[in-house]
Structure formats: structure tokens, C-alpha cells
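Each of the two complexes below includes subunit A, the first together with subunit B, the second together with subunit C.
Entry: the complex of A and B
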């Protein structure tokens, strides 16, 4: 079992765990932006730079995807590592100076402002971490959006910049977006995924009319969801509260016999 | 001759075929080699070849047997199209379609030469009959390019007749894979694509790596501005690359090869495809090669022309059909590469050295070059040098020898200013280091690098700030944009350089550039970003004054950055012809006919039209 020594503290690690995982498990904070525990590490934001001892020299690596294979000595709070992380943050701030989320993270890193001018265009503060794209592809299995263009022209987009035909309005991309570029907006019965322009009707509770999810999510689940989900979908579309109410009603109607008369009805 | 029926089934088959080819060649009266390399084709070489081919076909009286060959690059691109004739090794330059009849009459049917097409010494005017009298060709040693420019680039028979696939037969027939590996290791060969990693060590790691199948890959994604070494090689001697790869596959235990070549090289793609198909047809690729029991095959994969796809992980991603973006190499590609399997990637020039090393031995190869850089290196010599072209010289030759002896010096005999080596990851080396030996380590010490072998020569009219800006702009366009420092950092550096070149530089710019350079080196994901600042760093290191002139005095000493110098009319040289006055788009020039004219600096927009149209060189940049 390899040992990961972070700023003079030794921690036990599993082989192929990442430095970031070991650090997080032991309460050592390393800033991240493009990392999400549910997704494969991508190492594009370069905010989690740390130094590791290579025997005679220190190599700068990204903690989020550096695999621990043997004992490794890590410096998180060294001058060089701090300077690197702050440098990356200053570049990101220059790109998206308006983002409150980014500014909050920056100040945690000790960066209150950036001396770099804004030279690249960020649509709605997008810092191109790619979390949305990876969530859509890896977790939802849809790949409705992707990173298009190269270099400073890079952006997150659905094919041809049109509302995606594949998008099911699940909102995963909006949920993982660290800077609020992507939002799922509710306009009455219509949902819209901003900024991709995908729109669709909401699915409402059959009893009380509360919003449940997007109609497209229900359709997608009916098409490709696991068997258990299919069972749920077979029943009435109720919100959690109405389901509970219905169950209680069924129990009472059964005359307190202790069991619902028709459990299959839910 | 004995014609080949089916495939070679043994080493003897190959040797018999080779000697039959040699017998056939012995009956030929004249061989005409028309260079159809990257430099000669745009100058009309294809038509020249076609004319010779027709002439040979029509010479049906059978009094002479003439074989015209369409060859790869013969080197001296500056003087193309090049045609060489054997016997006699007659060297003709600047040959056009219309010259073919005369050459045919004089040198094919007769035994004379066409004097006006010979190379004449710049100073003495003396004509050179063969390459021996042409200064450009002195000091060359061709190993990777040994057969490029010699054989017909499309012919496997030519390659075999010249000794091709002999090294493969030797490796498969008389060496164990470990022995092949040792031979490459002992030769000291280092990767020719840029990094200069010891090839033998890489091979060993690939052999020792766990996982099946293993892959052998050739990197033909040459993308440095001004570089065409790999292109020339793939076009001119595709079988050298293929043979090297088969040997590599045998050494590491792989049966699967890929050549990744950029689609902007359509001729290279075609030659490689044809070569692979031909080798397969003859049993040099495929199952049970030469009856040895070893099997290996190669597929050609075309890249879309993204510079970053020359980077190993991006190349493999592209090869897999995904977007060509790099990933972390904390686990090396020799262990975890293409399709997550052990993958041995070498540049095409590295591969082309392999048959020679196996054929002639590691000791022979290690005897060439410097202590830590063995063998030769191919350079594409371009820029403001008299003889531009493709050069293969032993490691350790000095920059001065390459630029002045082979290159013939600077155009117009102007003073040399710098040479850019190593492409966008390299740097500019000033005159003070002209006598340095060119090898991997020395170039790195000088703040540049060997890179893939581009060499761009610059004279005093070249602004070094502008050069740094050129390379940075190239990288800004070629950055994939995945990682923050490369995408945002290069844009920031370029912004600073744009300001400096535009006369809006401020004090502290150089420090900001240097800070960004360190940040990129420390944090960028791949080598493109990590080394992106090199052209800036090396020019700041050697030409700091020039940067300062731009920043502090808003002057461009090379007089290249528009707005940082003025145009002035030299009254003594001006004849008052009035052309500049008429052409000036803003009516900034005044003057009476036949009297010296004057530029009104307040009106002048520095467009340079007057400078371009003046026939008396009376418009000066000051």
C-alpha cells in the first residue's frame, strides 16, 4: 500500500488512487474546477497543480489525474505550486471576470484580482472546464453537446449551434456547471436549457400539478431506463407528496389491517 | 529476368529477386532522375518527368535503353527542378519542359552536357558537371534519406535493387528480437521528431510493457512552419519507413503498425498507401513475412492537419477516431497508448534510420555524430539563405557550415542575424553561436532545440519581436484549447507582443512575458503549451535591446514593424519621376517633376507603397 506524503503529512493510499482523492479523503484542500467525483478526470483547468518529488527535481502535476503507483511525496503549499495555481486562476479571471462563482474560488486561492486584460471571449462566463460535456456523455449517455472549435475559438455547443435533437432537458449539464453558464429555466409549462436554446414541456404531477421533470426525460427513461424505472413509469405520474398521500389513503381505506390492499398500485 | 510469382516465401526468394533486378539494371544505358520533391513540383518538375518518360517511350529504335525515374527530393530545392543523369552523374538545375529535348540530344544520345543548365559557381562562374562541384552538396551524409532522390519513389523494385529490405531479412533471419533491440539501443539513435529521447530505451519499455496487442506507430504529422523533411522522406523513400517499422514490430513483439500522416501531404499519403499495398502483395507485410513466421501489417491513417496531433497522445486520440487532443502522460504511451495498449511511436525519420542501423551495425552508426547525438539529422534549410533545400548532415556540424557552406550564406550577402531551429517549440540563435556544433543537447542549452529539423535563416531585415509574434500566433491558432494556460496564456502573450509591435508596449512587458513563460512551462498539459514561450524567451535572451527599442523608443531597428519607422526620400537618389507621388493613396508626397520629392510625415500612413514602387531605391526606411 503506497504512502502519499502531502506537505509532510503521510497518508495511506490505494494503488491507482489519484493524489486528489487521497488529499480529499484526508481533508487536504486542493482547488479544482474541471473535476467532478462522478466523472473521469480531465485535467484541463490546471487549477489542481501540485509538486511531486522525482528524486532530485520536483515535477508539476495535476492532482486530479496523477495516479499513485508507489510512495510519492507531494507539495501542495509550496511557493511554486501556489504561484502556478494562482497564475492559472488569474488567466481564468481574465477570461470571465464577471463570474461571482469564479471570483469566490479565486479569493479562496488568495487571488482578489487579475492583472491580465480580457483577451478571449467567454460566452456567459464559460471557462471551458468541459464538465457539462462529460456529464452529458459519461453519465447521461446522450452527448447532446460537445466542445467545438480549437484554441480560443473553443466553445461548448450542440451540433451546428442549433438546439440539440438529442438533449432530454435532464439538466445535468446545468447542475455541474461551476460558473452558472448553463441554466435550466422554467417558463410556466415550458422548460428551456440556456444557452443552448433547447425547449420542452414540463411533466406535471397528475394529482396536484407540481412540476416533476421534463417530458423528454420521462420519454427517455421509458425508452432506455432500467427495468425498475420502467415499473415506476408504468404507474401514474405523481409527485413525492401525492404518492405519500395516496399510499396513506389506501392504508386507511384498508381499515387499519396493517397492510396496503394493493401495493402494486403504489 | 525471373518474375516474381506470388509472394516472397523465403529470404532466398528476396535475394534472387534482387539479383535479377540488378541484372536487368545492368542493361540500361542511361538513368534520368527527375526530382519531383516538394520544392521541384511547384516549379514544373512533373512536366519535365513526363517529357522524359515520353521521350524514352518513343525512342523505339531500341538503340538506347533509357530509364527515367521520378524521384523524391534531391536536396537543392532553390535550383529546382533538378535532373541528374547516369552514367556520369551529370547534375542539371532549373530544368524546364522545354529543355528536355536538348538534354536528350546532348547527354542521353550524345556524351556532352548542356552548359547553361549546369550549376555555375557564384564567384568564378565555373561550371560543375556533377554534384561534387556544387558547394551545397559538400558535407552531406545521407542515411535516412539514403535512397530518397536516388530511386524511383514509386517503385518497390528500385528500393529492393538498392538493398532495400535486406536489413529486414537480416533481422528476421539471423537476429533475436532482443538482439535487434540491443543494436538500436547501442547505436545511440535518438528520436528525430523533436524530443530526442533515446530510441532504444523507448523500444525496450515497449517490449517490456504488459498488454496485447502492441502497436507500432509512425508519426508523419510534420507541422512546423518551414519544415518538409518528413514529407520529403515519405514521398521519396516510403519503404525505408515501412522497413524500419517492421523491424521495430519484430523487436517489441507487435504485429500492428500505423502510419499517421497529415492529409495536407497528398503525395506522401498516396506513396505510402501504394508502398504498403505493394509490400503486402510481395509478402513483405502480412502473414509470415519472408517465411520467418513473423507477421506484421501497416495501416495508413490520415490526420486532419492539426499541429497538436504531432503530440503523441493527441496523435493516438486522433488515430482512435476521437478529437485530437492531448491527455496527461503520467503513464507513458509505451505502456498505455493507442487503444490503451502499449504503443511504440517514432517519427518517420527515426524509423528510416532503423534499416541502416540493422544493416550496417550499431557501431557504424554510433561512429557518426557527437558524443550524445549519434548519426545524422535531416534539416530543411529555408529563409534568407542562398541555397534553400533539404540537408542531411552528421550531428555536430556547425551552424556556420550548414548556413554558409551548404546554404551558401545569406541572400544578397547581407549580415546574418539569427537562425530559428526547432519550430514553434524552438528558438532563435544569434550570430555569436554560429560556430556551435548542432546536436540535441547543445541546441537546448542555447535556448532552442533540435525539434524535427526546421532551420529558418534570418538576416538584418527580420525583426526578432515580430518573429516571436509570428510563432506565437501560429501556436495560438494551433492550440487545441483544452487546458487553460495554453489557451489563455498564449493569447495573453500574443496580446503583449501585438502591443509592443504596434508601438504600444509598456515597461514591465518583458517581465510579464517571462512570468507567463514560466507559468506555461509549469502548468500546460502538453509540450505544445509547455514550450510555447520558447521563441519569445530565446529572442528576449539574445535580442533584448531590440525589444527595448520597440517598448521604450517605439522604434523597430529592423524596420519591419509598420509604424515604428518612417519612410523618407533620399534627395540625392530621387529623380523626381513622380511615380511615388501618383501612387501614394493619401497624397502625402509632394514635389515637382525632375526635382526631389518629399513625404509629409503627418499625412503618411506608412503603407509602404512609395517604397515598393520606387525604381531608384530613393525611398528609405529610417
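Entry: the complex of A and C
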């Protein structure tokens, strides 16, 4: 079992764990932006840079995708590593200067402003981390969007820059975006995924009319969801609260006097 | 990597098969249906059609089991791929340092305005494809443009538009601008071979 020594503290690690995983498990904070535990590491933001001992020199590596193979000595809080991460943060900040999430993370790193020319909201406010693209492809299995173009024109977009035909409005991209660039907006009965322009109707609770999800999500689940999901879909579509009410009613009716004190969620 | 099955005939409604199904099928078979050969397949589609028609890309994705989004990502990443048909004539305008100093950006602006064409795009009447490039290596002729392989140097915004309008209304650029300075052309061809001496 290899030992990972981070800033003079030794931790046991599994082979092929990443430095980031070992650090996180042991409460050592390394900033990240393009990393998500549910997705494959992608190492595009470079915010997680740390130094590792190469015997005589220290190499900068990205902690999120550096696999531990043998004992390794890591410096997270060295002057050079801190300087590198701050430099990266200044660059990222220039790409998404209007993001409160990014500004919060920046100030945690001790960066309050950037001297690089900033891009405007119109140009995306996107740091090109690719989380949205990977969530859609790896977890949802839809692959509605991708990173397109190159250089200064690189951006996240659906094919031909039009609203995607495949998108089911699940909103995973919006949920995973670390800088709040993608938003799922609800306009009455219509949902819109901003900035991709995909629109679709909402599905509502059969009892109280509360918004549940997008109709397209329901359709996608009916098409490719597992058997258990099909069972749920076949039943009445209720929101969590109405479901609970209904369950309590059923239990009271069935149990007579011995009503359960706390019906479980669902 | 598993070989994809060629799926059922696509749901193309058009009698001319704008989905390009037969072209695309043939190209896929050329590479044994291997999705890793995506880029060569796209190159072949472009060679066959002159550009990458949308429906061809859809068909390609469907048949290979590759998401359209990824194909679109590849198509926009490489400068060699084009998603729009080429115009009848191609304008290559030099935006290099010397041409720039001599007003290439103004020439670019009037071309865009006059023919309603964006850099890298094609005019709505399909007459011109406009391709500004970083340098043609013909600084002596600055500002210079090449139309269908023919050099036109010492341009001004108005002379460039004049030349292009003549080309638009005739068959061959050489006929249109027969009067263009022969000396300039010879110089251009020499320079065009890559020597960059001022």
C-alpha cells in the first residue's frame, strides 16, 4: 500500500487512487473546478496543481488525475504551488468575471481581481471545464452538447449552435456547472435551458399541480429507464408532498388505530 | 471497439436523399464501419460533397453510434472542415502585417458588407466564399487578395469591390479583369511560392 505524504503528513493510499482522492479523504483541501466525483477526471482547469517530489526536483502535477502508484511526497501549500494556482485562478476569473461562485472560490485562494482582459457575459462566462458536456454524456447518456470550435472561439454548444434535438431538459448540465453559466428556467408551463435555447413543457403533479420535471425527462425515462423506473412511471404522478399525504392516508385506513408516527419519505 | 451494425434505412423523407445515405454508407464501408476512423470518413464526405452537409453528419452519427454533438465538435475544431457549401468563387484576402497596415481590414469590411458574407462564410447568393488568411507571403503586392487562384494586388476598398463585382457577373476571373496588371501577377506568382523578401 503506497503512502502519500502531503505537506509532511503521511496517509495510506490505494494504488491508482488520485492524489486528490487521498487528500479529500483526509481532509486536506485542494481547490478544484473541473473535477466531479461522479465523472472521469478531465484536468482542464489546472486549478488543482500541486508539487510532487521527483528526487532532486519538484514537478507540478494536477492532483485530480494523478494516480498514486508508489510512495509519493506532495506539497500543496508550498509557495510555488500556491503561486501557480493563483495564476490559474486569475486566468479563470478573466473568463467568468461575473460568476459569484468563482469569485468566492477565488477569494478563498487569496485572489480578488484579475489583471487579464476579461471576457463579457455575451462571450459565455464559461471556463470551458467541460463538466456539463461530461455529465450529459457519461451520466445521462444523451451527449446533447459538446465543446466546439477552437482557440478563442471555443465554447459549449449543441450541434450547429441550435437547440439540441436530443436534450431532454434534465438540467444536469446546469446543476454541475461550477460558475452558474447554464440555467434551467421555468416560464409557467415551459422550461428553457439557457443559453442553449432548448425548450419543452413541464410535467406537473396530478394532485396539486406542482412542477415535477420536464415532460421530455419523463419520456426519456419511459424509453430507456430500468424496470423499477417503469413501475414508478406507470403509477400516478405525484409530487413528494402529495405522495406522502396519500401514503399517510393509506396507512391510516389500513392500520386503523395503530397509525405510524412518522411515515418514511417517499 | 465493436463494429456498428448498419441500421435500418434512415427516416429521410426527401426523394433526392438529402440525408446522403448512399454516399455516407459507402464511405462508412470503406473504413469497415470503424468509428475510430471518424475523421477520415468526414474528410471523404467533404471530398464528395464539397462541404459537410448537416444531414450527412446526422446519418454518419446514427450509423456509427457516435453522438452528433461529438461529430460537430470535430467538424468545428479542424479548420479544414467546412459546414457550409463553397461559393462559386473563393476570395482569399491577406490579413498579414503589411496588408493590414495598408488597409486590409477596411477591404475585409467592404467585402463583408457588399456581398453579405462573414469571414469563413459564403454569400447568400452562393457566389463568393470569403476566407481571410494570416499571410499570403506576397507583401510586395499589399494589400492583396487571391480570387480562384488569381492574384490581385495594390488594392483599395473600392477597387477590390469593383474586381469582385466584375467576377460575379462573368464566367472566369481572368476574363473579368483582363486588364489587371500583368507585371503584378508575375510578381505575385513568384512571391506566392513562399519567398518572403521585401
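Here, the second predicted complex is superposed on the first by the 246 of 266 C-alpha atoms of A that agree within 3 Å, B and C clash if a C-alpha of one lies under 4 Å from a C-alpha of the other, contacts with A are read in each partner's own complex, and residues count from 1 in each chain.
As a working rule, a contact is a pair of C-beta atoms (placed from the backbone, for glycine too) under 8 Å apart; a residue touches a chain by one contact, two chains touch by 3 or more.
Just so we're clear, the structure is a prediction, and the values are computed from it rather than from any experiment.
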Message: According to the stated criteria, A:67 is in contact with first (subunit B), second (subunit C), both, or neither; which is it?
response: first
- request: Name the contact category of A:138: first (subunit B only), second (subunit C only), both, or neither.
  value: neither
Which superposed partner A:44 touches (first subunit B, second subunit C, both, neither): first
Query: Taking the superposition as given, does A:84 touch the first partner, subunit B, the second, subunit C, both, or neither?
result: first
Query: Which partner does A:53 reach: the first (subunit B), the second (subunit C), both, or neither?
result: neither
Task: Check the residue A:119 against both partner chains and state whether it touches subunit B (first), subunit C (second), both, or neither.
output: first
- line: Chosen between subunit B and subunit C, the partner touching more subunit A residues is B
Message: Quick check for you: in the superposed arrangement, does A:159 touch first (subunit B), second (subunit C), both or neither?
response: second
- prompt: Which partner does A:128 reach: the first (subunit B), the second (subunit C), both, or neither?
  reply: first
Message: A:92 in the overlay: touching subunit B, subunit C, both, or neither? Say first, second, both or neither.
response: first
Query: Where on subunit A do the contacts from subunit B and from subunit C line up?
result: 147, 149-150
- prompt: Can you list the residues on subunit A that touch subunit C in the complex?
  reply: 133, 137, 143-150, 157-160, 164, 166
Query: In their complex, what parts of subunit C are in touch with subunit A?
result: 54, 57, 67-73, 76-77, 83
Message: Touching residues of subunit A toward subunit B in the complex: what are they?
response: 43-47, 49, 60-62, 65-67, 80, 83-84, 87-88, 91-92, 94-95, 116-117, 119-120, 127-128, 130, 147, 149-154
Query: Which bits of subunit B are touching subunit A when the two form their complex?
result: 306, 323, 327-328, 330-331, 476-485, 487-492, 494-495, 515, 519, 522-525
